[in-house]
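Pasting the structures in now, so scroll down.
What follows is a pair of complexes built around chain A, which joins chain B in one and chain C in the other.
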Partner chain A sequence: MSLVPNAVMTFASPAKGEGFTPPSPEDFNLPPVGPSSSFELFGQTWALGVTKPILQLLLAAGVVFVFFYASSRQRAMVPSKLQYVGEAGYGFVRNSLGRDVIGSEHFMRFVPYLFALFFFILLNNLFSTIPFIQFPTFSRSGMVYGLAALSWVIYNAVGIQKHGFGGYLKLQTMPPGVPKPMLIILIPLEFLSNILVRPFTLALRLFANMFAGHLLLILFALGGEYLLLEGDALVKPVGVLTWLLFIAISFLELLVQFLQAFIFVILSALYISSAVADEH
Partner chain B sequence: MNMIVLAQEGEHAVNPLLPHLVEIILSLIVFGLLYFAVRKWVVPNFEKTFAERTKAIEGGLNAAETKQAEADKRLEELNQQLSEARHEAARIREDAREQGAAIVAEMRDQAQAESTRIVEHAHTQIEAERQQAVTSLRAEVGTLATSLAGRIVGESLDDDARQSRVVERFLADLETQEQQPASGNGAPR
Partner chain C sequence: MEGTVNGSLNMIGYGLAAIGPGVGIGLIFAAYIQGVARQPEAQGRLQTIAFIGFALAEALAIIGIGLAFALG
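After this line comes the complex of A and B, so read on.
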């Protein structure tokens, strides 16, 4: 697992003094960390190495597990501070994202999934703001696609498990109380929106928010720097203003990071709840 | 992987939407590991803690309820005992008053009887003494009268039998005379 192939983009790094180079999607293709080797394949240069987002993914999983394991291990009636924080986090996901959305009947099955998912995404998002890491793991679209696909598989699987394949398709595509001729239009539409589109919107929402947020931050950071270093004397104050805005936007991003983790998980829970629902 | 290569062909036109397959697989593996670890070691702990806490709180509440019920029962008992004691006290007071009244009445009766008895006794004694006096007076008066009459008529009336007959007759006359005007008060029997 330590070595993974990774495509290295052969873009030109912005040259100093040649005018401002705005940040671009290439900034998200980080070179491998540590030792790496490269090889030629299909006429491309491929790098063999571990990239920063990969390390972050592992770090997030490790931190989430260690923190919650440590806080849940004591099992004291009167919780310590650590246990209290862990219980509050767990209880938040369990009750507001699990029980309140899926319903108290079946929710317990999905709590481990929702719980792990929420804090995994949250921490990976927060990495965007945490000093010295400052890169959102989920601005790498591949990372998000995996989780969204998993969510899609889970809600469809539990739906099919509960209603059978035909019953599940009927539940998802035929809203009750609709006149028969309308179904001709509705069935493809419902199928599209409930089965096909959901994983993409789920993935793109998280990915795009993280990607755009980080791009915005880079723009303000680099732009401010450029204005301060290269700009005329009159422009330099604008550079200061840019950095102040950078700070303000960082706080906005903190909110977005939490919200996106929350939305990803609550939508996954909603999909599950609609799949295990008895009626529409 | 093909898609990445395609993206690479356009050198600078990197499409961030196109994923690296490795990242998809890796994110699933890492998240999967986290999921299983959390399901095995974290969630059961939290659930057990919650359940135990719920049980402990419920147990505490139940115990408190039991204690409260017991205390209520005890209070009820004490109140009942208190009211019983009050009743008892009232009853005893009532009894005592009645008894006192009875004793006073009895005492009064006894005193009445005693006084009556004393008066009776006195009457009897007086009557007896009076009888005695009458008897002795009669004898004396008879003797005196006889001797006086004898002296007056000169006739000896020493004959005892005659004498006493005369006296008796005289006294009987006297009594009848006395009874006729008065209704026989103080009449000798």
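After this line comes the complex of A and C, so read on.
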């Protein structure tokens, strides 16, 4: 079993004289690793096999677990470096994503979920930059729908658990202090916005950012290569410039990767906090 | 000079549609920064409100990119 070494490397460079083929969404369909089969359903061909993003999900879960298990195993008054890093990461999620958003009364229940979610997403996003992996797991939308569905189930479940089904629907769809006639318009709108659209925007925000960022990086890498190999003598330096910009954009992407993990978790926390909020 | 451009007009439409949410998100965070600068101790509360507004404004851009691909 071998991993595809590098997302950029998987694209055959065009032969001399051929035009430049820009990267497309098809470039994200990595072939299955190891044995695979396919079947027909709804008029489409579905592949059944293990692909690179699936392996990355498992790797990320393993690395996050092992790192935080090791950093919290030997707790000491004077922390070791490993323990310090682990506690700083935990403290960041607990305080700025948990306590500040959900409120100091009942945030501790949700800290384990938010904490695991944040570092899982962060590592999966960083895979986009880590050498020899260089493929963001969440640039495949299916991976993100799973995460968003989990957050959706959790915030609805804790809301229903606290307020009952009717009470929860009332909390989510009837903003307080609104004149009665307005409710005819507001209830469907709020229901759409708070219950139906939320999981999709949550998932697509992460997916679209990872997808677009990686596409941009592929474009710069392939474009620079094409200019260097195929361009005229005067154009070749532009290829070098393109590769320099590739490096600059990689740093921008690092920022985006962190930010998107942060935003996914802070929005999950916000939805939880709005679901467990006391009635006005 | 002659040339052909291939591609989907959807993407131009999406670019235009993203202007609105872009301006909106800028306004939200501008107000958030200003609020924190004036009253740093309110950061915790303002952050929550700012991210609710950000999520609502960005939902439009996200629905836009979804439709740009779906209505190809």
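To be clear about the criterion, the second predicted complex is superposed on the first by the 245 of 280 C-alpha atoms of A that agree within 3 Å, B and C clash if a C-alpha of one lies under 4 Å from a C-alpha of the other, contacts with A are read in each partner's own complex, and residues count from 1 in each chain.
Here, a contact is a pair of C-beta atoms (placed from the backbone, for glycine too) under 8 Å apart; a residue touches a chain by one contact, two chains touch by 3 or more.
Since the structure is predicted, the reported quantities are computational estimates derived from the model, not experimental observations.
Q: In the overlaid three-chain picture, which partner chain does A:F65 touch, first (chain B) or second (chain C), both, or neither?
A: first
Q: Thinking of the overlay built on chain A, is A:F120 touched by chain B (first), by chain C (second), by both, or by neither?
A: Touch status of A:F120: first partner only.
Q: Which partner does A:L267 reach: the first (chain B), the second (chain C), both, or neither?
A: second
Q: Looking at the overlay, what does A:T201 touch: chain B (first), chain C (second), both, or neither?
A: Once the two structures are laid over each other on A, A:T201 reaches chain C alone.
Q: Does the superposition put A:E105 against chain B (first), chain C (second), both, or neither?
A: Touch status of A:E105: no partner.
Q: Which of the two, chain B or chain C, is in touch with more residues of chain A?
A: B
Q: Using the superposition described at the top, list the residues of chain A that contact chain B and also contact chain C.
A: 204
Q: Sort out for me which residues of chain A touch chain B in the complex.
A: Per the stated touch rule, the residues are 1, 4-7, 9-11, 24-26, 28-29, 42, 44, 53-54, 57-58, 61, 64-65, 68-69, 72-73, 75-77, 79, 83, 86-87, 90-91, 94, 111-113, 115-117, 120, 139-147, 149-150, 204, 207, 211.
Q: With touch defined as at the start, can you tell me which chain C residues reach chain A in the complex?
A: Touching chain A from chain C are residues 44, 47-48, 51-52, 54-56, 58-59, 62-63, 65-66.
Q: Could you pull out which chain B residues touch chain A in their complex?
A: 4-5, 8, 11-12, 14-31, 33-35, 37-39, 41-43, 45-46, 48-50, 52-53, 56
Q: Spell out the residues on chain A that touch chain C in their complex, using ranges where they run on.
A: Residues in contact with chain C: 100-101, 193, 197, 200-201, 204-205, 208, 263, 266-267, 270, 273.
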